[in-house]
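One chain, chain A, appears in both complexes that follow, with chain B as partner in the first and chain C in the second.
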Partner chain A sequence: MDDYTVGILTNIGLISFIALSAYLLIIAGEMSFGQQGFFGVGAYTAGVATAMYGIPLPVAAVLAMGAGATAAFLVGLPTLRLRGLYFAMATLAAAEMFRIVFELLHFQRDIDGEPVGPDGTQGFRGIRWVFENGVEPEGFLALVWGMLAAVIVLFLLVERSRLGATLRMLGEDPELARLLGIHVERFKLGVAAVAGALAALGGALYAHHNTYIEPRNFDIMLGVHSLAYALIGGLGTVFGPLLGVLVDIGVLEGSRVFQGYRMIVFGGLVALLLILRPRGLLDERTVHWLKRRFA
Partner chain B sequence: MAKAAFCLVLALVSLPAFAQRLQGELDCKPTRTDFIYNCTVKLARNGEPLSGAQITVGADMPSMPMAHNVKPVKAKAGKAPGEYEATLDLEMLGEWAVKLRLAAPVKDQLILLYEFDEQGARQVRRGDRPPRK
Partner chain C sequence: MILDLIQNSFDGLAMGAAYALLAVGFTLVFGVLRRVNLSYGPAIMVGCYAATWVSVAFHSNIVILLGVTILGSVLAGAYVEKLCFAPHRQGSAIAAMVASFALWMQFEEAVTLVMPKHLYDFPPMFEGGPLAVGPLLLRPEALVMLACAIVICAALQFLLARTRFGLAVRAVIDAPIAAQLAGINVPRVLLLVFLLASAVGGLAGWLIVSTYTQVTPMLGMWSTLKGLLAMMIGGLGSLRGAVVGGVALGLVEAHSQWFLGPQARDLIAYLLLFVLLAWRPRWMTTQSAS
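Right after this comes the complex of A and B.
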C-alpha cells in the first residue's frame, strides 16, 4: 500500500471512533454536537501522558478514555436534563468550552532541552511516541483498525443483548422505558460517558498519528461531521456510521472528483439523505430486510 | 498483515530510539495552476543543515482534521545542503499543517503551519508569542 492509501485508511479509522460516539448517543435518543470536545480531551490527555511523562501509548489510551468518560459524565449531569435542540445546543457550548480551555492551557516540561506540552493557541507539538518506538504507518493502521474492530464487536454484542434493546427503547420512547422500570436519566448518563470514552480513544490515536494537535482541531466542524456520518450511513446498525465515513472520506475524498467543492457536495448529500432517508442508508428497515434475506 | 502485527508488537516493547529534534522551514511559490505550489523545504538538525534525508510532504487543514487528504509527495534534493523541493497540490487556500515525514536518516514527522494564498505561503503566527519550529 502507498502512503496515500495508508493515510486515507488511517483517517477513516480514526474518524470512525467519533462517528460511533455520535451514533451511540443518537440511538439513545440524544443528538450531541459536542463529541469533538471529548475527542480533544482524549488527544490532550494521551499526548501529555506519552510526550511529557513517557507513558506507553496503550496506557495513555486507557487514561484518555477515562478522562473522556469523566468529562462526558460531568457534561451530561446538567445537559441530559434538557431535550432535543436544547441538549444539542448545550453540548455544543460544552465542546466550545473545552476548546477555549485548550487555548488557555500552557503546561510544558523541558525534555531533551525542548519545552514539550500544550502551549495554548500555538498547539502541542512533539507527540512522538509512534516515531520514537519505530511504529511504521502500516503498523499504526493495524493498531487503529484493530481497536476499531474490537469496538465494533462490542457494539454488535450489545446490540444483540437485552442492553441493546433497552438502548433502542430509550431512544424510541423514553416514557415507555420509564414505565418499564428503567432509570432513564442514569442510563443516559452511562451512555454519554461511554460515548465520551469512545471519542477520547479516537482523539488519543489521532494525536499520535498527527504528532501535533491544536485547539482548532476540535471545533464544531468535527462535531458536525461526526453527526453527519451517523446520519448518512444509517442508524440501523453499527456499520452505518462506518459507511458514512467511507462515503465521505473514502469515496468523495479518495476519488478527488469534487476537489475543493467536496464540502458543498457533502452538505447536499446530507440534506438529500435527511429528506429521502431520515435515518440514513442503513436504517432499521433496511437492516431488518438484509437480515431476513441473508441471515 | 503479519508485518503490521510485528511492527505493533515491536512498538509495544521497544524503547525510544532517538531524541534529537529537527527544525524545518518552508518557502512556497504559487504556480500557474490554482492551489499548486512549488515548495522548498529547509531542514536542520541541531542547527546544522540535514542533507540526504528521505522526505514525504503531505498536508492537512487544522480546522478540518482528517477531512482533507492531500496526496503526499516525495521531496527531491534541492540546490543547497539541507534543501529539498516538492510540489504541493492543495485543495483550497487557507491555513494548512504541512507534514514532513522523514524516513531517513531518522524516522520523524515535522508539522509546519503555513497560510497559503495567491502570493505563496507564510508561516502562521498566533497569539503574542512566536511559534516554535
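Right after this comes the complex of A and C.
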C-alpha cells in the first residue's frame, strides 16, 4: 500500500469513531450537534498525556476516554431532558464552549529545551509518540482499525442483547420505555457517557495520527459531518455510519476524480439520497431484509 | 466609563438588529415547517457573493447590490426548499436538516470555486466615517440596521395577523390537513414562507456586509450560528422572541467583548444559551408562531 492509501484508510477509521458516537445517540433518540467537543477533549487529553508527561499512548487513550465520558456526563446532566432541537442546540453550545476553551488554553512545558503543549489558537504541536516509538504508518492503521473492530463487535453484541432492544425502544418511544420500568434519564446519561468516551477515543488517535491539533479541528463542521455520516450510511446497523464515512472520505476524496468539486458532488448526493432513503442506505428495513436473506 | 457603556450598548444594539433580522428569517421557517434550515446562512452567503461579483464586474451602486443580494438569497433558498424541505414535509425532521447541511457544503464550495480569494471588499453603505454625537460615535449604518429590523418585523407581524396570506400561513401551522381541505395550497404557502424568510435573510446579509465592507466564505456558518443562537435565546418560534433574542445577543456580545475580549465574547454567548436551555424559563418554551 502506498502512503496515500494508508492515510485515507486511517482517516476513515478515525472519523468512524465520531460517526459511531453520533449514531449511538441517534439510536437512543437524541440528536447531538456536539460530539466534536468530546472528540476534541480526547485529542487534547491524550496529546497532553503523551507529549508533555511521557505517558504511553494506550494509557493516554484510556485517560482520554475517561475525560470524554466525564465531559459528556456533565453536559448530559442538565441537557438530556431536553427534546429535539433544544438538545441539539445545547450540545452545540457545549461543544463550542470546549472549542473556545481550547483557544484560551495556554499550558506548556519545556521538553528538551522546547515548549510543548496547547498554545491557544496556535494549536498544539509535536504529539509525536507514534513516531518516537517507531510505529510505522501501517502499524498505526492496524491499531486504529483494530480498535474500531473491537468497538464494532461490542456494538453488535449490544444490538443482539436486551440492552440493544432497550436502546432502540428508548429512541422510538421513551414513554413506553418509562412505563416498562426503565429509568429513561439514567439510561440516557449512560449512553451519552459511552458516546462521549467513543468520540474521545477517536480524538486521541486522531491527535497522534496528525501530530498537530488546533481548536478549529473541533468546530461544528466535524459534528454535523458525523451526524450526516450516520444518517446517509443508515440507522439500521452499526455498519451504516462506517458506510457513510467510506462514501465521503473513501470514494470521493480517495478517488481524486472530483477534486475541487467534492463537496458539490457529496452535498447533492446526500440531499438526493435522503429523499429516496430518509433513514439512510442501510436503514432498519434493509438490514432486516438482509438478515432474513443471508442469516 | 459610563460613556463606554453607552457606546457599547449602542454598538451592541446595532449588531443585535442584524442578529434579530437573521433570527426572524430562521423563525419564520421554523415556526411554519418545524424544521431547522442549516442552509439558511449559506443561502444568504450566496446572495452576498452574487452581489460581490456584480460589484466587481460592473461597479454597481449599493441599492442594485441590495436587489442582487436578495435575489441571490431567494434563488438559493428556493433550491434548498425544493431539495431539502418539500420532499421531507411529512417525513423526518433530521433528514431535512442533514439534507440542508449537505447543500451548505455545496454552496460553500460553489462560491469559493467562482470567487477563490479568501476575502472580498464590499462597497460600504455610506461614504465617510461615523457621526459624532457629543462624545459618542454613531455609525449611520447602525441606524439603518435598527430601522430595517423594526420595519421588517412590523411588516411581518402585519402580514401574518392581518392579510389573507397570513391567515393561510396560520391555518397551515395550526391544522395543515384542515387547511388543505379548505382549499389552501399548502406546499405553495410553505414555499412562499420559505422564500420570504430567504428575502429577509438576504436583506440582513446585505446590511451586514455593507456595514463591515467585506465578504468571506465564513459568512454562511456565521449567519446560521448567530441566527440560531438569537432564535433560541428568544424562545423559538415567535417573531417578537427572535427580535428580543437578537438584540439581547448583540448587547451581551458587545459588552463582553469590551470587557473580556473576542474569545470570551463567544464563550459567554454560548454559555448564555446553554444556561438558558438547561434552566428553561417559561418564555423559552412558548411555541406560538406569531
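Keep this in mind: the second predicted complex is superposed on the first by the 295 of 295 C-alpha atoms of A that agree within 3 Å, B and C clash if a C-alpha of one lies under 4 Å from a C-alpha of the other, contacts with A are read in each partner's own complex, and residues count from 1 in each chain.
Heads up, the rule we're going with is that contacts are C-beta pairs under 8 Å (C-beta built on N, C-alpha and C of every residue); 3 or more make two chains touch, one makes a residue touch a chain.
All of these numbers come straight from a predicted model, not from anything done at the bench.
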Exercise for the section: Please work out whether A:Leu82 is in contact with chain B alone, chain C alone, both, or neither, and reply first, second, both or neither. Expected result: second
Handout entry: Which of chain B and chain C A:Glu138 touches, first, second, both or neither
Key = first
Exercise for the section: For A:Ala93, decide between first (touching chain B), second (touching chain C), both and neither. Expected result: second
Exercise for the section: Tell me which partner A:Ile275 touches in the superposition: chain B (first), chain C (second), both or neither. Expected result: second
Exercise for the section: Tell me which partner A:Leu14 touches in the superposition: chain B (first), chain C (second), both or neither. Expected result: first
Handout entry: Residue contacts on chain A - larger count, chain B or chain C
Key = B
Practice task
Once the structures are superposed on A, label A:Leu231 by its partner contacts, choosing first (chain B), second (chain C), both or neither.
Solution key: second
Exercise for the section: Could you tell me if A:Glu30 is touching chain B, chain C, both of them or neither one (first, second, both, neither)? Expected result: neither
Practice task
Please indicate which partner A:Asp283 is in contact with in the superposed arrangement: first for chain B, second for chain C, both, or neither.
Solution key: neither
Problem - Shared chain A contacts, counted only where both chain B and chain C touch the same residue - result: 221, 260, 262
Completion exercise
Seen from chain A, its contact residues with chain C in the complex are 26, 31, 78-79, 82, 84-86, 88-90, 93-94, 96-97, 100-101, 103-104, 220-221, 224, 227-228, 231-232, 260-264, 266-272, 274-275, 278-279
Exercise for the section: Could you please specify the touching residues of chain B with respect to chain A in the complex? Expected result: 1, 3-8, 10-12, 14-21, 35, 56, 58, 60, 62-69, 71-72, 91-92, 97, 99, 101, 107-109, 111, 113, 126-127, 129, 131-132
Completion exercise
Counting only contacts in the complex, chain C reaches chain A at residues 30, 36, 38, 83-84, 87-88, 91-96, 98-99, 101-106, 108-110, 113, 221, 225, 228, 232, 236, 263-264, 266-267, 270-271, 273-274, 277-278, 280
Fill in the blank from the handout: Within the complex, chain B is touched by chain A residues 3-4, 7-8, 11, 14-15, 54, 56-58, 111-115, 119-123, 125-126, 128, 130-136, 138-139, 141-143, 146, 206, 210-212, 214, 216-217, 219, 221-222, 225, 248-249, 253-254, 256, 259-260, 262
